[in-house]
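Here come two complexes built around chain A, the first alongside chain B, the second alongside chain C.
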Partner chain A sequence: MSAATLPLTRPRTRPGPLVFSLVLLVIAAAGSLVLGPAGVDPWGAILEVLDHIPLVSVDSGLSEQEAAIVWELRVPRLVLAGLVGATLAVSGAAYQGVFRNPLADPYLLGVAAGAGLGATAGIVLDLSTSAIAPLAFAGALVAVFAAYGLARLGGPRRTGATLILSGVAVAAFFTALQTYLQQQHADTIRQVFSWILGRLGTTGWSEVAILVPYAAVSWVILIAHRRHLDVMAVGEEEASTLGMDPARVRLVVVSAATLGAAAAVSVSGLIAFVGIIVPHIVRLAAGASYRVLLPVSLAGGAAFLLLADLIARTVQSGGELPIGVVTAFVGAPFFAFILATRREVAA
Partner chain B sequence: MNGLSCSAVTAAYNGSSVLDGIDLSVEPGEWLVVVGPNGAGKTTLLRVLAGVLPSGGEIRLGGIPLSSLRRRQVAATVAVVPQTPVVPDGVSVFDYVLLGRTPYIPYWRMEGPADLDRVADVLERLDLAGFASRPISSLSGGERQRAVLARALAQDASVLLLDEPTTSLDLGHQQQVLELVDGLRRESGLVVISTLHDLTFAALFGDRVVLLAGGTVVAEGSPREVLDAETVATHFGAAVQVVEGPDGPVILPVRSS
Partner chain C sequence: MRKSTLLLLALSLVLVSCRASAAETSAPTTVPAPASPFPVVVATDLGPVTIDSSPARVVSLSATATEMLYAVEAGDQIVATDLTSNFPSEAESTTKIDSFNFNAEEVAALNPDLVILAFDFQGEGEALTALSIPFLLLGPPIDLEGALSQLLTVGLATGHLNSAENLVSALAAEVDALTTAAAPVRGVTFFHEVDETLYSATSASFIGNIYQRLGLVNIADGVESVGPYPQLSAEYIVDQDPDFIFLADANFGVTTESVADRPGWDTVAAVVDGNVVPLDGDIAGRWGPRTVDLMRGILEAVEAGMR
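Presenting the complex of A and B:
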């Protein structure tokens, strides 16, 4: 047989899924750049962005006001949507890997409940918008930290399942506190809800600047653990016999994913479903290896949230839908469709 | 010595003792088969020897206490073939076997060319070259067990622990897997410790047999010494006749009434 005479090499990773998700990302970003209620000339909007690249100078032909719409509203918004989507998707994928649970994502360990409580406290105390984000961030970290602490109470042999159950308990508790606060201050309900349902609309470069360092650290650490997550796929005990310390990997990965997700939700609100739906679509299309899953989830998550945001701000004339509504409303049926049509592959 | 030894090893689950004062010593190139009825503590013993279950007493690998070694150092010395290995979804046989190189790859690094070469060698050695790019989940039971052995081999460990390596294989594949392990330990001087339900196979492949019951060693010696009809009746509650086969004792079940 000819195969026996060839030197045996590692099967190549198909580049298709990554290329596809990057193309989708570019299309989604371009759409977000040129579409908007202000009716800015699309070509002018593209040239305006090029003009901001160092050492490139082009005349976009836009008025000063139009240029500001492009560079101060649309671009930071699309950058933020991309960063948030990528961060939520990659941290969801990492959580699923480290817990070997297809339903795991940072929200499960209390990130959403903690951030929601922090943000509600900020709104109730009538703090400025810029103070709400740090409170939400702190709330998210406190919740996950509490879940970890609670799981440790069970003894040194804590497993992934213990941690998830602790997270569920902490999330329920924080949500109860948040609901109580909200109910005691009924006048702020509208504001609280609009935060919880997620928004990218009021953002500018300052939110991007807040998120970038956390997202960068989170991405780098998670991508660096793609090999470890593949080892974890054989379970904690086998991973141990292969020389890996599952508890250590879990701590590092959960910390990195939580940091990124907490920073993302603190500037964007609780955008639902991205951390579950994107990694699973990628798994169905590109396989379960984290070497592929993590990078493709980054690009795919960014593209997904950009498209969702595009729908959120264009589907309803004269107003915007909350983006969390769009991600769940579009995402859930799409996800169901994928599951139904690709069942053989998943099984 | 370069083998594996343990003395006065104890282990417990939730406070109830599962292993009580186990003493063993296995030389390089030797195959020790652990037999015993269900619940005797066979799997627990292997988990303790692999260092994934806390235990009392002392285990030494090549004279070095197991407890003084780091996780990855243990994995570079002891490879485990679990009874029911987890079969990850969508992972190629090549990448699955590559998991065996984990103890040699520094934490923040990825595998290097030497690791890939080692995997290629192991795949060739176990006649798995043609399966390299197939998903591990698509393999038949016998092929899959060879892939798990390949992963253990890629670990370059001197001790191989096999927990019921023939479970769910047909007779021919049981034989193939055991012959393969036998060849490997002769080639490389591996310490092999396996549990086996089939007492005839235990007699056929084991240099020595240890009979575990109730968490203690109740008999130890050559297959012929340990596997007599009376001992099997006492500890397995089984009616058997032991007859002399061409390659050692054959344990035949007989009707008890």
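Presenting the complex of A and C:
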């Protein structure tokens, strides 16, 4: 299809990729629920979860401690991994669409640098863990807001490229501040690095509660703009001639994606790679239409991070690997494989 | 028997160095004046180092070395210590140097005749060598013997071998007494928390060696890990149900209450029985003369908790 002839009717999208990613998500969630160093009876773990569904009462047969392991540790961790993975993946897909740049990820406009500065400030000021998340969240939003403001200074003819460059400048500046703070307080360096590497290991229901409202708003807005993103993919001028305001769509989509990514980062630290790799895997497997890409990225991102976290907490029995290491170590070869095999098919 | 073993092990390294020093100096020169043991050869992490005369201007870039210097009565020779050297209180009033951002020029300006370091991460050794400043690299040992022999090394290098030997015998005697007294609490399990993200230390680490001497069972030893400082999963800790939790991160705002508030931790025996023990992170992170105080504190906490 050429750029000039947009379809007047919407071709029906195939449900296959979405169904596949949902099945993968269910398998990943089930695996995360029943596997772990504590060796809780798998059936008991499933019954324990069912027991927490309103109006359902079953006896899981687990001890008080095993029940706590399942409901206070495993379940919130798997829910959080799913929410963070889904949010980063769908935000990454939206960023790539709105900037028409395959290298865009949710951290493009300074979310990571801003959140890193906020978190480092909180750690250096010796604040409690619960105070660090809001600071990281605020830092992320301030950074992206600054990038937007900077791009506006350039005049009315601001494009996506101006915004990306503003983001680069803001991210560099915030990273410099963060590095300075970290260097001046070298005794807290381990905590700062732990945060930067990403963590799901010491999280609970309170982090889930922080993330849910922002993730939900972000998901709804992004999914609602899936057709706008399809039009934007053709080009900003073409989108304008079709009666769309690319700058407005960009503002709304970037705001929604940033809100979700900032909330995810503030509770889990910087988990690399999910926002960039999951949408590309989905594109290669299911096509580039945002009507498919966004929902499949949601489910696929959740499944991807659940599987990565399962590896992170089970590969060394009783120990943990940093989640960011696993996402890139497993994700990069997997992506390379998809890229290589798909190119053959395309050729 | 045990007492002499510990002391002898600690002394062995240093005595070898003394003999090397005697052999080296007796051949080319006349007999040195009996009042001065210098020159001496001391053992360091980078091999033997010769010190020609008693150092009068010592710079300590290690909080542990600072504690050792004062403990062997070499405090008067110190001209500067690093920012983390906060014990004894006299160390606070020396010139301060930021060892995390090592600057060889800053050190050279103090005109030191001996520098002691714990780490050589930023090319410190190379820079000091280039400036012909004698230095001792005394990094974290793997056990208590290693720490005691470092005390003797610091004493020998600064001309205070006698007081170092007296200190080490006293510390070794106390370690033996504590080990004997710990017999009733052998087998008690514990989790040693290095930081909030649940890094711990196995018995292969220096701090782990302290617990091991008391016969306590370290749950971090059950984790598959490449090094002695694994990151544990919360699920593993709750499942292991340790009798005691020791917080080496108490200086960073982690408290008995905040541990009890963690999801799922309220079922852990240590939390239920009120056996979450904050440690002084400064002592727990060093390997100086106060390590024995830490050992005593741990034993007393366990004894109190078992009552």
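Everything below uses one rule, namely that the second predicted complex is superposed on the first by the 331 of 347 C-alpha atoms of A that agree within 3 Å, B and C clash if a C-alpha of one lies under 4 Å from a C-alpha of the other, contacts with A are read in each partner's own complex, and residues count from 1 in each chain.
Here is the rule we go by: contacts are C-beta pairs under 8 Å (C-beta built on N, C-alpha and C of every residue); 3 or more make two chains touch, one makes a residue touch a chain.
Everything numeric in this text was worked out from a predicted model, so none of it was measured.
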| item | value |
| --- | --- |
| Touching partner for A:Val79 - first (chain B), second (chain C), both, neither | neither |
| Partner chain in contact with A:Gly36 - chain B first, chain C second, else both or neither | second |
| Chain B versus chain C as contact partner of A:Ile276, first or second or both or neither | neither |
| Which superposed partner A:Val265 touches (first chain B, second chain C, both, neither) | neither |
| Which superposed partner A:Ala89 touches (first chain B, second chain C, both, neither) | neither |
| Partner chain(s) touched by A:Val231 [first = chain B, second = chain C, both, neither] | first |
| Dominant contact partner of chain A by residue count, chain C or chain B | C |
| Doubly contacted chain A residues - partners chain C and chain B | none |
| Of all residues in chain B, those that touch chain A in their complex | 47, 50-52, 71-76, 78-80, 82, 85-86, 88-92, 94-95, 98-100, 102-103, 105, 108, 110-111, 116, 119-120, 123-124, 129-130, 132-133, 155 |
| Chain A - residues contacting chain B, complex | 1, 3-4, 7-11, 224, 227, 230-231, 233-235, 237-238, 240-245, 283, 287-289 |
| For the chain C and chain A complex, residues of the former touching the latter | 84, 100-101, 195-199, 222-225, 230-236, 238-241, 252-253, 258, 262-264, 266-268 |
| Contact set on chain A toward chain C in their complex | 36-39, 64-65, 68-69, 72-74, 76, 126-129, 183, 186-188, 190-191, 194, 199, 201-202, 204-205, 313, 316-321 |
